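Order of writing sets the labels: A, B and C. Residues in every chain begin at 1.
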Amino acid sequence: MALLQVEKLTQRFGGLEAVSEFKTRLEGGELNGLIGPNGAGKTTIFNLVSGFYQPTAGKIVFKGKDTAGLKPHQVTALGVARTFQNIRLWHDMTVLDNIRVAQHFRLNYGLLACTLRTPHYIESEKAVTTEAFEILEALNLKQYAMELPRNLPYGLRRKVEIARAMSEKPDLLMLDEPAAGLNTADLHGLIDLIRWIHKEFKITIWMIEHQMQVVMSLCQWIQVIDFGAIIAEGNPEEIQNNPDVIKAYLGDDKI
Amino acid sequence: MIEGLIQNVLNALQWGSFYSLIALGYCLVYGVLLLINFAHGDIFMVGAYLAFFVASFFLGLGGLTGWAVLVLTVPLTMILTSMVGVTLERVAYRPLRRKGAHRLYVVITALMCGLILENGNLALLGASRRNFPTLVDTVIYNVGGVSVTNLKVAVIVVAILSFLLLEFVISRTKIGMAMRAISYDRFALPLMGIPPDTVIVFTFILGSSFAGLAGLLFAMSYPVLDPYMGAMIGWKAFIAAVVGGIGEIRGAFAGGFLLGFVEIMVVAFFPSTVRDLIAFTILLFILAMKPTGLFGVARHQKI
Amino acid sequence: MKRLNIPVVLAVLFVVLVWVSYEGVLNLYWQSVLMFMGINIILSTSLNLVNGNMGEFNCGHAGPMAVGAYVSSLLTVLLFAKDRVFGDPLLPPELVLIVFPFCLLAGMAAAAIVGLLVAIPSFKTRGDYLAIITIAANYIVKSTIENINAIGGARGFMGMGKVTSAMGKLINLPWMVIWIFLGTVFTVWVLRRFISSTYGKGINAICQDEIAAEIMSVNTNRMKTVAFMLSSALAGLAGGLFAHMLGYVNPGSFTVLKSTECLVMVYLGGMGSLSGAVMSAIFYTLMLEGLRFVIPWLDSALHFLHLIPASYEVSQVWKWVIIPLVLVLLMHRRPEGIMGNRELSDVFPKLTKWYQFK
């Protein structure tokens, strides 16, 4: 059973077809890339897979389950976690709380238990906190646990967002432009981090990225989309030499 | 039977005219500032009171006919009411806009300003009700079995003319274009060489003067004034604007008449004490079905 | 040892309050001020959950308050008082102290249903539109009550005085002071435990970034429902206590004006701050009472200085000009309120040495 199977995924917003018969298949364990010029529909595809939009047509099957009609938090509970193009951390909550709240689906107590502080509640809170500290420790962020994200430098905020996604113990980690806005030093750190996460946690990573350095050095398999449709797919070398890809990014004016 | 229906329709049109005139003001300000000016209903009330004082003043001078007083009162009321609206904008809303305050704070300020106007009126002028003087004799026309007064007709005609005037201003004039532009992107506007403050003041002038006009007409139709008259009518006009689709003057106008119809029809079949209740409930349903209002356009959020 | 500090202080406060009320050291006027304070604390902290922590714009908090007031009053009068509407009491007076909390609870449950009705539109709408819906709901509740003549309609409903005196006859203690104190402590306790849990923090997440919350596994619809229902239930508690404290209740007490007072308290204290909401409720109650004295004084002073004509009297209505004005000034100068969104322990960290508020 494939981890993720997407077929004929189409999304129309009014008259605009943002995604056109997209398909992909992830068995499990890959580190794949999704690239394309701005506005090609990459984030829309992520939004569809994570359940934020309901597709106009097509099918998304995750771990054998059709995600049609599921709300985003339900899709997440199945095992999908993501980060965002523009960092969407909760800025007035500590880093620790950010990571704990992301595990909301794992809390299995209600208001009554919460008020009475039943053992059930205490256990649940402890589990969530322990998991949060573990992931912070693993990503070298433990010293920032009580900081507010807005007090952290940009590169660290990106890292916190990844830690937050990881805390959900996903089977599929979707990274939406994780390298956006990073300087060169942070960039190398990020590449190492992603490689390490992939190896250490043995999860599937699917990445949207613009910076070719990141894509080419990390991804095993890359899909290129433009105007919502796949124009090429293959390993990094094939993609780099593909004339359609070059045309999509640079245009085809002959010099 | 059919006369009864037409009678009700005419009543609804007249009743709805007030809502429409006030709703237009809400709509203009919301369209331009994305602010629900909760004080607008009370500006209507202020307009009615200003009309009362102006009319009483001129009548007190003696030697002027009712018509002459009316001709003087209309523009004066509109001008004075728009001054109140502009003062409100300048004193209460502009400082917050300068600071870039969160919209919530501005909305709360608007709510509070409404309360200040109402209670300030009550505190300053006392609880005794004022009676608006009769300026023009009522003439009843009888067409078929339907009777309608000249005042009723005047109210409806004024409302329609106001709407047409506003439509013209918004779609054909430069300042109207600026008003539309501001609603799309307030920050780009000064970059294009248009001073946003001027546009905003103009919007308030427009909205408030029409509210003042509505106040005058209302006072002429229902001569008893009280400080809280603006509150309920204001809320209803506001809901009407929202149902029509706030931000669209066509929607606000339609919403006002729609509410007028709903209320008149409700009163025809139910006891009048539940009129407001049923009106609110129906409108709530419409909002629940179509949250952006009947004519409104949803603003998409990108992530 | 630190852990017990707060419960001990509360217990001491409780005993002191009950004793001074019982002995009459504190006269009835001040007793009622303290009781109003308690009710305002319940109202402001419960609204703070929705308007502060969740960042919504609920302008109709008086709606569930009215429902709670009426339902609990109807029940207690039905069960324990002889009255025109219901006839003879159904239960013997010995049970009044045991059953009264359950009547309050019933009021809370009914109020929670109102909260549910407002929660549902909140799934799809926010901000201004939700404000309208809450205002309309508030008005609909009030108007519905006014139209039910069986329970008094616009004239109101009474008989709760008999219930409270039945309590006093059973055991001679100032029962309303006790109930309100317990209700206030209960409210703050429940809210504090909810907000400090990871479950409750989901609400803050919705406020700060709803889309992220939804995608990062927070069931936003469920959390909104919980928040609205809890907030409304507590407003219902305040309503029930309010009704029994006064001995009568009428729909005119539950208009948008009452909701506005709740808004003032929440924004004065600082959105999202529990201690801020408590402090501002206390301050607001005192300010309201203070104005009762300040206004006549102001009247005499202005007359003395010949600033106003002799025929004009500065009446209590000015209270309702001054209070909104205070809020407007607040919005202009310090919109984040007294506490911003920090708690007392954030502003005075040394305080945490003395207590542990869990």
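Heads up, the rule we're going with is that contacts are C-beta pairs under 8 Å (C-beta built on N, C-alpha and C of every residue); 3 or more make two chains touch, one makes a residue touch a chain.
Everything numeric in this text was worked out from a predicted model, so none of it was measured.
**Q** Taking each chain's centre as the mean of its C-alpha atoms, which one ends up farthest from the centre of subunit C?
**A** A
**Q** Which chain, with its centre taken as the mean C-alpha position, is closest to the global C-alpha centre?
**A** Nearest to the common C-alpha centre lies chain C.
**Q** Report the inter-chain centroid distance for subunit B and subunit C in whole angstrom, where each centroid is the mean of the CA atoms.
**A** Comparing mean C-alpha positions, subunit C is 34 Å from subunit B.
**Q** Using mean CA coordinates as chain centres, what's the gap between subunit A and subunit C in Å?
**A** 44
**Q** Measure off the straight-line distance from the CA centroid of subunit A to the CA centroid of subunit B, and report it in whole Å.
**A** 50
**Q** Would you mind listing the residues of subunit A that make contact with two or more other chains?
**A** As it turns out, subunit A has residues touching two or more other chains at 52, 84, 88.
**Q** Hunt down the residues of subunit C that sit against at least two other chains at once, touch-wise.
**A** Where subunit C meets two or more other chains at a single residue, that happens at 211.
**Q** Please list all residues of subunit B that touch 2 or more other chains.
**A** Within subunit B, residues 303 contact more than one other chain.
**Q** Can you tell me which positions in subunit B touch subunit C when the two form their complex?
**A** 36, 92, 95-96, 101-109, 111-113, 115-116, 119-120, 122-123, 235, 238-239, 242, 246, 273-274, 276-277, 280-281, 283-284, 287-288, 291, 301, 303
**Q** Which positions of subunit C touch subunit A when the two form their complex?
**A** 189-190, 193-194, 197-202, 204-205, 208-209, 211-221, 226, 230, 341, 358
**Q** Which of the residues in subunit C come into contact with subunit B in the complex?
**A** 57, 59, 120-121, 124-125, 127-129, 131-133, 135-137, 139-140, 143-144, 146-147, 211, 257, 260, 263, 267, 314-315, 317-318, 320-321, 324-325, 327-328, 331-332, 335
**Q** Could you list, by residue number, the parts of subunit A that touch subunit C in their complex?
**A** The touching residues are 50-52, 71-73, 76-77, 81-82, 84, 88-93, 97, 100-107, 109-111, 114-115, 117, 121, 125, 128, 164-165, 168.
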